[in-house]
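There's a structure below that I have some questions on.
In this document, chain identifiers A, B, C and D correspond to the written order of the chains, with residue numbering beginning at 1 in each.
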Amino acid sequence: MLTGVVPPVCTPLTPDLDVDVDSLLRLVDFQLAGGVDGLFILGSSSEVAFLPDGHRAVVIDAVLRHVAGQVPVLIGAIDMTTLRVLDHARRAVRAGCAGIVATAPFYTRTHPAEVELHLRRVAEQCEAPLYAYDLPVSVHTNLDHEMLLRLAAEGVLAGLKDSTGDDAALRDLLVARRDAGLTAFSVLTGSELTVDSALRMGADGVVPGLGNVDPHGYAALYRHARAGDWDQAAREQERLLRLMRIVRAAAPSRMGRGSSALGAFKTALRLRGVIRHAVTAPPQIPLDDAETDYVRRTLVAAGLL
Amino acid sequence: MLTGVVPPVCTPLTPDLDVDVDSLLRLVDFQLAGGVDGLFILGSSSEVAFLPDGHRAVVIDAVLRHVAGQVPVLIGAIDMTTLRVLDHARRAVRAGCAGIVATAPFYTRTHPAEVELHLRRVAEQCEAPLYAYDLPVSVHTNLDHEMLLRLAAEGVLAGLKDSTGDDAALRDLLVARRDAGLTAFSVLTGSELTVDSALRMGADGVVPGLGNVDPHGYAALYRHARAGDWDQAAREQERLLRLMRIVRAAAPSRMGRGSSALGAFKTALRLRGVIRHAVTAPPQIPLDDAETDYVRRTLVAAGLL
Amino acid sequence: MLTGVVPPVCTPLTPDLDVDVDSLLRLVDFQLAGGVDGLFILGSSSEVAFLPDGHRAVVIDAVLRHVAGQVPVLIGAIDMTTLRVLDHARRAVRAGCAGIVATAPFYTRTHPAEVELHLRRVAEQCEAPLYAYDLPVSVHTNLDHEMLLRLAAEGVLAGLKDSTGDDAALRDLLVARRDAGLTAFSVLTGSELTVDSALRMGADGVVPGLGNVDPHGYAALYRHARAGDWDQAAREQERLLRLMRIVRAAAPSRMGRGSSALGAFKTALRLRGVIRHAVTAPPQIPLDDAETDYVRRTLVAAGLL
Amino acid sequence: MLTGVVPPVCTPLTPDLDVDVDSLLRLVDFQLAGGVDGLFILGSSSEVAFLPDGHRAVVIDAVLRHVAGQVPVLIGAIDMTTLRVLDHARRAVRAGCAGIVATAPFYTRTHPAEVELHLRRVAEQCEAPLYAYDLPVSVHTNLDHEMLLRLAAEGVLAGLKDSTGDDAALRDLLVARRDAGLTAFSVLTGSELTVDSALRMGADGVVPGLGNVDPHGYAALYRHARAGDWDQAAREQERLLRLMRIVRAAAPSRMGRGSSALGAFKTALRLRGVIRHAVTAPPQIPLDDAETDYVRRTLVAAGLL
């Protein structure tokens, strides 16, 4: 069962908007050196919604070849509906991923019964463990927990990445999972700022966007938690919380929160010498000099520069 | 400038979920015989969100070859963000479309300035007129009207498909367009039930999903309106309004409104002998016998069976 | 049955935030002189959500005494839930109103069956015709049309003020009302910019916030429509549409759209000499000099100054 | 500074929908015997949105006289906008409350600058500590954290009840509060299921709706947390989490989530012998026999019957 720190790996780009494979592999090495337990490529923090299929293929090939089984690699099959998701999923399976990650349908207005059909169909037709991705901020629906537990019990789902930010609902799910004796359903939180809480509640791991910038921090947090040293875990979490403020580099009047966050992650990785360019995909607005400087100062305060 | 009735053409599928090209071409002929002024393929009513890229390519090739310039064909380049939209747009341009239709980015949380950048970038990099598609029910943002007028004035946009259902805002836009003297910016409403009102307000045409089922009706409505016979136009509109109730074939407790509507359109087309199967793409739930019978009775009441 | 132009009367305030009764009665006279068919006090444009119960009582007493039966006066009983609405409704009935206007519950998360219970209970316990007020922008739920028609057929509801802005749904309701032979259920649109369209579709009248500023305009529009002179009606509607732009006096970065609109209405009434102060209730931000000047110039352009 | 367990006290009603004062005082005694640190009357769990002003006055008088200073009593001044909130607040201050609780404006569309003005005005004009209540599910806006910290630093706000369910944002606020050295700004969570996590993050207490049913449980949880026995705290929290499932007594197809939750709290209190009737205010739908039995069985499983 998947556990630990599984960062959603950023996708470095060149100024011409190609995948910067050198930077991507350096970033992968940086994550592995940081002590992560797995990698999630083509997730939201990877700008998957911005990447054409050609770019996605380059990322999959480069990362899977490079990792070569050192850690499990999950691949996001992020698209609007079943047949499109299956196209992505099949490519991912052929490349040898450890699991597929899929959301509920979006763009369309989908009934809960159709969300369930969607997940069942994807699981049936692709030969890899399927992780459901609950991300209402992008998808505009929530995954029903009874449905998740039903699919987990039937072996349809191997796990969940919970990015709802609703820790009360997460805890209810974790207790229900325990009560149902589901030992093969991995629950990972996507909330970077309450990882210690989620682990105490019984979560198996975390998929932290911020882990791109500081994998060592998340690995340390996870280690402290597993060792039962919750005070150390909380201190590390608070250090990371302060680091997380890089995502507010740009004012909401200037760009979307997504651009600000992804721009800040990439800027931080560039400043730390891991990737070559902080370029984000269009139509995202890039950070300007003052915003970049804010990221730099925040990194210094967090002890990372 | 694009005017008149431009239905968003359904995509008939086989039971194996391939494009049913024979049925698609019969549907196109049915539309042309009905007197439509253009066709819009790969829009929401075409289940574009459900079609893999391979299916999209089949639809484009089949329809453009078959229509062969009889009427202008718009093609939806519906995807999450700029680079992905551009991939679709380039294929559409190569096939010889009369225009590209694109929404604001979705899945991502996008700032208005980024929506504008997105439309500018798509227009710059694809050699076909660009129509903006305002569809907040799918995209979860609205297109700003000042931005639309600015892009129209600069020649970035050739037109708008307005599917907001907000006729007051539509009218404000139409008055502003007139005041600005924008004679090359086509405004089409996507609201099937207020076409006569929209035309009176100055709209140039309509993109009616229901036009799949009754193109003759929408062509007659448009003709009456253009002839200034608004009473006849209203009567035709009311007949179509009653026909539109087929979209409520299924209860909201059983499936999404999208499934019910698309299932009803395809069921009606099958019952009218235009397409072979009423199959919709997964994960949409198909209409059952009682729901199909409701569609049949509604068609009979509308004089179409 | 209630028909025609029924403006939601603004509530003029003194700088000390009391009701400015003199100004209120001048505004009422201005409306009557303008040719309106009824008055709606304590609606959203009356700042009902901002008025303490004491202010509401002053408004009711002053207006009902002054109007003295010249036209029907509807009174908004706007509050969160049933018992609170009933308290307001009873005061309104005692004062002799021609009808009560109530929304669905808000603040609470209410099921459609509970919305229906709410309207039934209010109607049962208050001896005045009840008008349902569909205002999703404030209430965050929509009134179900089947429920409305059921309550209309049973005599529970005397009418509807539709402020959804969804003219397609309005038309569907109007056709269903006709098909059901409901002759005692008045449907009024709250959409100030599509009044001619709504009347053509069969609506009985309009409740225009902008009618505060130009009652003569709305009365003329209604008269043209009833006379079947739709071209004149449309011209008048377009003049009013341009006048409506006063609601955009303030930038969305500076204040809410409500403050901007209510501030503009009151500023326009002050500039036209109808009320003494443009004061709006806290926490609304008042228009500044530049915004006031924008209102003035718009009034001049509309021929009202 | 306010700390500990401060339950939002339910308002028992008679079958005639009057306040059942005897039951209310028994409930208060039950809370005090359970070891709570304060009481919050006229909050959302008190059905404040359903109570006419007369009922609110009865509750205030009865509870404040009965408690007579044994613990601090906060009073909700829940209404749409500033002047209406001030009316409630003044009555509460006259009665001798320990603090007023107010939300952002609702029903109106309010700009952040107006939310700030609202809180400032309420604080200025009422002589009691003001607690901001962040409840987006009812109010449809979030309180901005920078604004909260600014008002806390200026002494405008005495505290916050955070019912957003967003523990990551709560933690960010708690860290910022500590960094700013704000020692007189009390932060209480309204999330009943993550109390141990919130306390570990630095929250000062909890306002648990479920505390009505099991005050002893929340008092024990708080005591364990303060003693640093986090394992015991977590076990108690998990017991309470299972108890919380009473709020799902009714299916979402039958009534709103609010009715189900408030009906379950009152049913549980009746079954435990604390209050006489499980009556909730209209238009809420009451629990039926099967739903009541579900509550009973859940209470038994939690060791409370």
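The rule is short, and it goes like this: contacts are C-beta pairs under 8 Å (C-beta built on N, C-alpha and C of every residue); 3 or more make two chains touch, one makes a residue touch a chain.
The UniProt protein names, listed by chain, are A, B, C, D = Dihydrodipicolinate synthase family protein.
It should be emphasised that the depicted structure is a prediction, and the values quoted were computed from it without experimental measurement.
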{"item": "Repeat of the C-D interface, chosen from A-D, B-C or A-B (over half of contact pairs identical by residue number)", "value": "A-B"}
{"item": "Chain located farthest away, centre of chain A as origin (C-alpha)", "value": "C"}
{"item": "Between chain C and chain A, distance of the C-alpha-averaged centres to the nearest whole Å", "value": "49"}
{"item": "Whole-Å gap between the CA centroids of chain A and chain D", "value": "35"}
{"item": "Touching two or more other chains - residues of chain C", "value": "none"}
{"item": "Pairwise touch network: line, ring, star, complete, or other", "value": "ring"}
{"item": "Residue numbers on chain A that touch chain B, as the complex places them", "value": "17, 49-55, 78, 80-84, 86-87, 105-111, 113-115, 117-118, 121, 137-140, 252, 254-259, 281-285"}
{"item": "Chain D residues touching chain A - in the complex, by the definition given at the top", "value": "165-168, 171-172, 175, 191-194, 196-197, 200-201, 230, 234, 238, 241-242, 244"}
